[in-house]
């Protein structure tokens, strides 16, 4: 089985397991109060150009989103998201379970627009409704598109005009950075908080939450602990981000994933295959005849996205830091025969 | 000022204050364990034809909705509602504050359709998403329309097919009963739970929650108490529903409100005024030229609903059990001059 | 049956029902934005000597405590209470249901001490524990005792030293004011927030929450709405507190209750009956032989408090604004025969 | 620095990192739906003698406790715990944040007694109070003691008599199994649910939650996801428990930790050092003169537990699967010179 199923099907970049093995018996303080975590925090602060940032390491994405959003909002405040946003759809109501409403807005190319944000604010005017207080976006989006720098700046502006925090979910931030023009320093300048995803970009597990707005910083470790997110052996997270943020590894791994996805896209396009959307990152959504999809299933792993019409299926193909080019070539070869 | 602002601007039907005064020094057990409450429960069970129903009295609508929904759902379960539903928009996120997601669906004439319910169920398939478990509707809807008996039966069917509870918010149930073909006995047969609204139909305050599905009955008083809804002097609620459910008062009060609304509607239609929707109950939504709306404001009370175009405003006119016919005539007379 | 069961067994002072009847068809704005509520707020601000206070009217005590505490605390913050405190024992975990821990401390004569507060603070030192942030007390306590002015000042001091809010539950505040040396103005000076109980002192229902600390004021109406506590016909609460805070009615009603309780206490003491504690307010806890308690039950209503030894029972006798002196005399006469 | 600080200061048993390295590029399904997790579940079912058990892998202890307790209880239900219990004190109110009260009971030798459980049940009798529904214990306790088989059976009996679930927190279950007479099969027979701790017994991270009561099994994966505990690369947990439950590794690692702790205890006893309690597991609590504690600090790592008197300090010494015997000998040698 050749897997294009997701970007978390393999373990981690070998250097990380090597570092874990090398430090296994060091003996470190618990709960992220160790030197590896501190070193990784320093590397991340440098990368985003914000020496004042608070950086916290958590294990997974849903955990990071819920902990951050629940910590940042007061009980009656709500978060605005694209209706396809991960917090709206794929976190089993974790945000609501923490007491907060997700205001779902229509998206354009998977992306939230300033217009939609403003409309949501306008529609919530009295104490009989929740108060919008945060904008949630993800880079890249659920369909592989990314926000340009200009788009992020426009969102920052609408946030400023309405007293909203801007929070960015970076589960696939590496691919967003590698493909787009918004860099880590831009996020450090434009977001109130965001996280740098490790799980889907070469770490065994782990996300680095960056808090920039000083209002949101105090007591955050209490929230992590209360929500069950404080890893006893916190240095394991430190070691992984030490590796990812040395020698450009984080960006290199994402660039590999994107490059193979573009190779796939080019090959499919050459075969006349249409796409659900124009993605330049590691998730591609080709639309194929049902019988082709069926034929692929025995040799290739992928998820079905939707049924655009009764005879076609849109599938999701995902590449990762670990995908070998031969997998891409094998899929293109198989499709050449089938189409 | 002649008020068409809402249906909770006056106190209560005089018989209720008389009964409260007559029983003021009786000395009653607390928390709804008194004979008035028990008598009122019996009257309601008779009216809905379900001697097995559990009936609980609560003070207000948001409190009733939240207590019921939070009691009936497990943490990961969600409620399906029209996107204009009261729980979706006008309860300051009370449902989410209790931990549950409201799945907002498009409505037709303010009403949730079986198709929309089925689509919501189809879209939620795995443990990465919430599980739809309840359908929330209100009778009448936020725009004064009502579900016919056939529509309620169709919703019951889609609920049965998907393992969903059917819950009906009856804040304005009196007007729905008076206007439509679905009777209290139908609700007793079709719903898992529903509430009979008192606040907006002649009571000082109070709603009667009826639980029919035996799975939902146990321990409900714990939920009422935990959510702050257990009135110390619970007999005050009993006394009010004793009055409302004797001698046909409940339906009579609603019929009065509806009749005046229809008189208003007929008069406005005769003047050529269009409406946002075709309501046969106590809320009417005429669309008027902006300058007419402005001119009305000095003598009449009402809420603005929306701006259908730059030169017109849709206003909400509400009649109640307490509205005198002269108010309707005064408004029609004023409009005759203005239009 | 002569009832000493509780202080919420009768309706309300007649002047309140008269005022409700007189204003029944006035037509008032909803949700507490009316002139009666505003007038009542002014009267209360005057009574506590704090024109800057925010005053909100809610229906019941558990609702008021939960709404206030949940609004004032951040998710990881906790409230310190006597282990016998109403929020600790008799609110079905409402505080915990809002997400916050009650830190239960041993009480002296039903009262929380500064020493216990300091010990609780000392025991909670890191992010692996909740952070104490509020002290909850009630005036009077669950066993009828009250905090003296000096005791309240000492609690204020320990709060200041530890960064804690001081919140006072005034379900029976009238009796506390009538019996003790701490006056409303003292509460206005010493508390961050407190509530003035109406339900147990002559109102049909209703509590007046007073917020003094400006940090706690913003957006409080959102919390009331979200927790289902915003009464549609809010003026009903305004009307009641208008009556209670005119012509000294609030204090007069409580003084009546206390006076009868002291008459009961004196009579019982003369009969040689011991008490669980030395209460000077409207709750008395005499300890009687089991057979005497049994004999009383057929003619008198009361609750059993505890079994201090196998042959004796401690019962709770409660007087109220509505208790006639003849009830007290009847009970004393009955006991004279039985003892 | 020679560390006796805790049992989570080193990484993991070398076989685990080797297995992770060997499987790093396998390509596995996500979220615990892989063959390693399934194999580990089978091994655990065999070890507890319950082929019908549901087994779920989570990352950490607070996460496991909160997810399980919040999933198993209805909103008004509470959990009974020793007042020193981890959920009562050291989880930043995570249980309360999920909406549930912890009823704290006095402990004997760190252990909850059937008498205390029965007293808690007796004290909670109406809907004005929470309902006790679960007993929480940990094996070993916070002070290193353990429940004997007879004690567990007595707790099971009091649970049965009161309709309570029995839940066991096995963060240090290995040490409890190695020291006591209650075996895994006994837990499989006596508990409704319990977890087998990996983090503190040789795993990098991870706990195996075992659910035995069929009432508690349905939909548990929804709860894991909603609470942010569903690890994307779930096979990492499977691989670890595969190693721990093959060839007796789990028990062997705990036996090593216990043996060194007993060697420490014997050496300290020979030096005349008293202990806070009689622990036979990997946590020892000697009481030393303050100046001795001070002198130790430069070379040895440990936590201070309490100050039993002004001149003495009780410290916590923890051994683990990774502690070399030379560390124990070094500490004893140092103490010999100081005492």
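We just call them A, B, C and D in the order they show up, numbering each chain from 1.
The rule is simple: a contact is a pair of C-beta atoms (placed from the backbone, for glycine too) under 8 Å apart; a residue touches a chain by one contact, two chains touch by 3 or more.
The structure displayed is predicted, hence computed values, not measured ones.
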| item | value |
| --- | --- |
| Contacts common to chain A and chain B (chain labels) | C, D |
| Pair exhibiting more inter-chain C-beta contacts, C-D or B-D | C-D |
| Computed distance of Cα centres, chain C from chain B, in Å | 34 |
| Inter-centroid spacing, chain D versus chain B (mean Cα positions, whole Å) | 51 |
| Separation of chain C from chain D, taking each centre as the mean of its C-alpha atoms, in whole Å | 42 |
| Overlap residues in chain B, where contacts from two or more other chains coincide | 75-76, 91-93, 97, 99, 127-128, 222, 225-226, 230 |
| For the chain A and chain C complex, residues of the former touching the latter | 70-71, 74-76, 99, 127-128, 131, 219, 221-226, 230 |
| Touching residues on chain D, where the partner in the complex is chain A | 1, 3, 5-6, 8-12, 14, 17, 20-21, 23-30, 59-64, 66-67, 91-94, 97, 199-200, 204-205, 222, 225-233, 236, 301, 322 |
| Touching residues on chain B, where the partner in the complex is chain A | 75-76, 78, 89-93, 96-102, 104, 127-130 |
